[in-house]
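Below: a set of structures, written as structure tokens.
Each of the two complexes below includes subunit A, the first together with subunit B, the second together with subunit C.
Coming up: the complex of A and B.
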């Protein structure tokens, strides 16, 4: 019994369950990572990873501006990400990749303004930690009073994705088919982009603006390696994201007790590192499976050759876009 | 409202009357008219850029004709058009899309509706029946991104058919298929037209694979169209008038070659014959 409790004490360092910041981080982190993962499944399918990252960058301008004028950064992130989503739709988010030079300049300018705001904000109020909080997030500094806001914003993003579930899948198969069936493809795209803006700004506050793409794309990309069914992919993504976020919180709390410095590592680091590990594991598992499938498929198709369905992957989706 | 083209035979499903379309100052379609009947398979034949896809877009309501009418069973287009099933040309599927062939078919039932569908036994049986109808049971649980060209084509046909349309449009369904898959898909479409009594319109730049099953042909060249039976349309006088210059029509055993001599870019059939005839002719 003593060894078991010693091990448990090693894993759950003293004070973990009574700490108010940890309690808030578990609730907010759980909600945010769940929402990000569910929204992220469609981000990956629609090939909008870059758009997701851009929303995070634009949100940073708002988040740092909000910090400068002394309001809660969350509102800055949300407002700027929503405006960014609107602008992207206006200039054609589908063509974003061909216009990457323009996008790069605009995003660079956004981050430049963020740098200015953060500099002004931190030199005025002498709170250098704010830069780290805005760019890399910290779940341990969120006030308990903000929990309902996170939950409501998260639920609204989930509601939009739930409403658009079938049209989003159909559009992912072929926008032409969706259009011919009477789906308002453009409206669906705009609503989805707005839901993504909300999800990204929530994870900007918790995981950090720079790292938000990792939680948006990572669990979804891993889930899509593990299953070929839409409902299961969403369930897997949510499970992976919430588990890894809670594990990250646990490790970050424990790291205060780790030698040599005993000063605590950031939660975001642990979450993003865990996401990368899980993605790599899922990817290698699916490669093994697809090699096995390919052998079966070859037997099934006999001597037919040259199937366009067998084209190779061009690489993992923008996981490391940060 | 009479049209000599549709006297007798099975009921008319779709009729285009004098359809012209201008897009950014160019006339893309000029006075195109033809009708499609239930149970008949029609080939929409023409080279790339002749206007085949535009005709599809007009039928689907994605383009509004500048002049002329598109009538569904004699009436204007219904608002929410479930009468038409559509299989586009290459759909450029993302290999990550988490859908099995059976999920793709199920999206044909209600993919345009909002909200999350509840699984039901009736739904599953409907999907199973449709998978069986296109011989897709063997790959029903395969991820759509991993299907071969022919398998994906059959899944998309099932997806289009499950909402029980009166008209099925297929844009170049035989492009990128190997010969065996090509024959399977053609046979499947002919069977569907007869068994389910729906009108099937297939676009192709090469008519020979469709010759054995085609009830009617709509031949398109530079935005104009001629329609009727193969014997009525694929003739030197008719096609020469359509192209606006002399065209040779050669019969080689049971195959037809259309040689539109003047313009180098206008005889894809000949190009294809050069590539494919020796192995096919001998084999």
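Coming up: the complex of A and C.
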């Protein structure tokens, strides 16, 4: 580890690894993006990106509420995200479009309450800077003493997802089959939403609402473009998320003397830009692959014309040759 | 409450509410609430960028809104574009954060763009809002039939020669235009609450498309009027009242629907069915007359 950092010190901006805020940002950013990416794979498979993003915004409401009351923002984030998840589930229907609407209404109410909290907060204590910190988060102002709490919360979210691994996948791919096999689809859905709420509020309070959605959805969506196997997708997503977050921190640190303002570009910008680039690359790779597969499949089917003996064994197209 | 500067607020908010009710009806029908949330926030990034370079906020907002709407439409696959929407949204917000970090005016500007400043609307803004509002409403009127069909039954629409993908693009551009007209006056967050809350509630009260559309506009205008009055009285932000009222109307609608499904409601409906014309309910809850 020390030799690695010695080499890196030569390449990167001096002082990067001796700075305490950067070290905390690297640890917390790594943990949080790892947890988010793993949870996010299921979010993308289940089509719950909107809920994932909304839970972050609802957490923000809680954060501003906690700021108003004067408690630790982390608990505000977690409590409001859990409440939001509960409300979404309470009115949520199974149909995708209805779920979308319910999520929207819970989010709308949450944002309204956030507006009130921020208004009360700014008129009472006159610190408008808090608005920005709550919305955009800042990795460089995390206290090192909070790290164990973050790790514990992250582990609990991962534990829920790990325990529910099979039923989650099954109920995401086909709720009917899952139901027939005795999987309590609704309970699994609620538990997953709660785990996502914990993961999202954790990332919101540490890396901000923007980055929270970025590391939840981006790496997972890119990974699912690269592979269709869930286990492998989780590994890819975790790798992409952690790499991009660290790269983002590094670039933000390096950008301190960049024009035009010479006070550093935001980490969130670097990470979201990297996430988008990786997603677009993965997407174009998968499009190229599927086009090539289609060409192969077409060529193979062409061979088979005129040999009816084959037809019985190969089965319907799409199921046989993979 | 109705004097001087307040007149502009009332006029602009009413226009925004009508347009939000109309476009929001299709947003909810198509399950595009996430898009309605993402595009205004992308527009906010554009506004931040425009104020940085010193050009019109309106232009920056409009450009970013249209670009992000088109990006969502092009990157998304049939019906499933939630992950792409999330990516577009965070990229735009990240860009907004970058622009804000470059500019000198920090907190108050972003606060105004996110939560709006309906009480400080100029005459020019009223005119611009009116023009864009008319454009949006006319677009929806022209597209009404094919858009409705493509939203409720995409396959049937394709079979009848309605290109559902092109409809999707048209719809996304309309959402971007609505964003451009509304974000400077009511803010990104409030517009979203209006576009989902009012039509969401309206859908619970009636199964007829035109009825739901009308009711959506009515509820939207009611929410905005109550919110402005309440905000004027209490000094609390308009966005708070709009968000909470949207949820209240929605929950009321759900309660009404549940009551109709329950014993009392069913008996009454059976009586209506025995006397009135029969309706078929499709999977999305919109009913059509049997032909």
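Just so it is clear, the second predicted complex is superposed on the first by the 260 of 322 C-alpha atoms of A that agree within 3 Å, B and C clash if a C-alpha of one lies under 4 Å from a C-alpha of the other, contacts with A are read in each partner's own complex, and residues count from 1 in each chain.
The rule we apply is simple: a residue touches a chain if its C-beta (ideal position, glycine included) is under 8 Å from a C-beta of that chain, and two chains touch if they have at least 3 such contacts.
Just so you know, these numbers come straight off a predicted model, no measurement behind them.
Contacts of A:219 after superposition: neither subunit B nor subunit C is touched.
Of the two partner chains placed by superposition, only subunit B is touched by A:165; subunit C is not.
In the superposition on chain A, A:266 makes contact with subunit C only, while subunit B stays out of contact range. Residue contacts after overlaying the shared chain place A:44 against subunit B and subunit C alike. Of the two partner chains placed by the overlay, neither subunit B nor subunit C lies in contact with A:65. By the document's definition of touching, neither partner reaches A:121: not subunit B, not subunit C. In the overlay built on the shared chain, the residue A:76 is in contact with neither subunit B nor subunit C. When the two complexes are overlaid on their common chain A, residue A:30 makes contact with neither subunit B nor subunit C.
When the two complexes are superposed, the chain touching more residues of subunit A, out of subunit B and subunit C, is C. Comparing the two interfaces of subunit A, the one with subunit B and the one with subunit C have residues 44, 47, 221 in common.
Touching subunit C in their complex are the following residues of subunit A: 44, 47-50, 52-53, 91, 95-97, 100-116, 118-119, 122, 128-129, 131-132, 135-136, 210-211, 213-214, 216-218, 220-221, 260-261, 263-266, 268-269, 271-273, 275-276, 279, 283. Put simply, subunit A touches subunit B in their complex at residues 41, 44-45, 47, 162-167, 169-170, 172-174, 176-183, 221, 223-224, 227-230, 232-233, 290, 293, 297, 300-301, 304-311, 313, 317.
Taken in their complex, subunit C has these residues touching subunit A: 28-34, 36-37, 75, 80, 82-87, 89-91, 93-95, 97-98, 100-102, 106-108, 110-111, 114-115, 189-190, 192-193, 196-197, 200, 203, 236-237, 239-244, 246-247, 250-251, 254, 283-284. Within the complex formed with subunit A, the subunit B residues making contact are 60-62, 80-82, 84, 86-88, 90-91, 93-100, 103-104, 107, 110-117, 138-139, 141-152, 159, 176, 178, 180-181.
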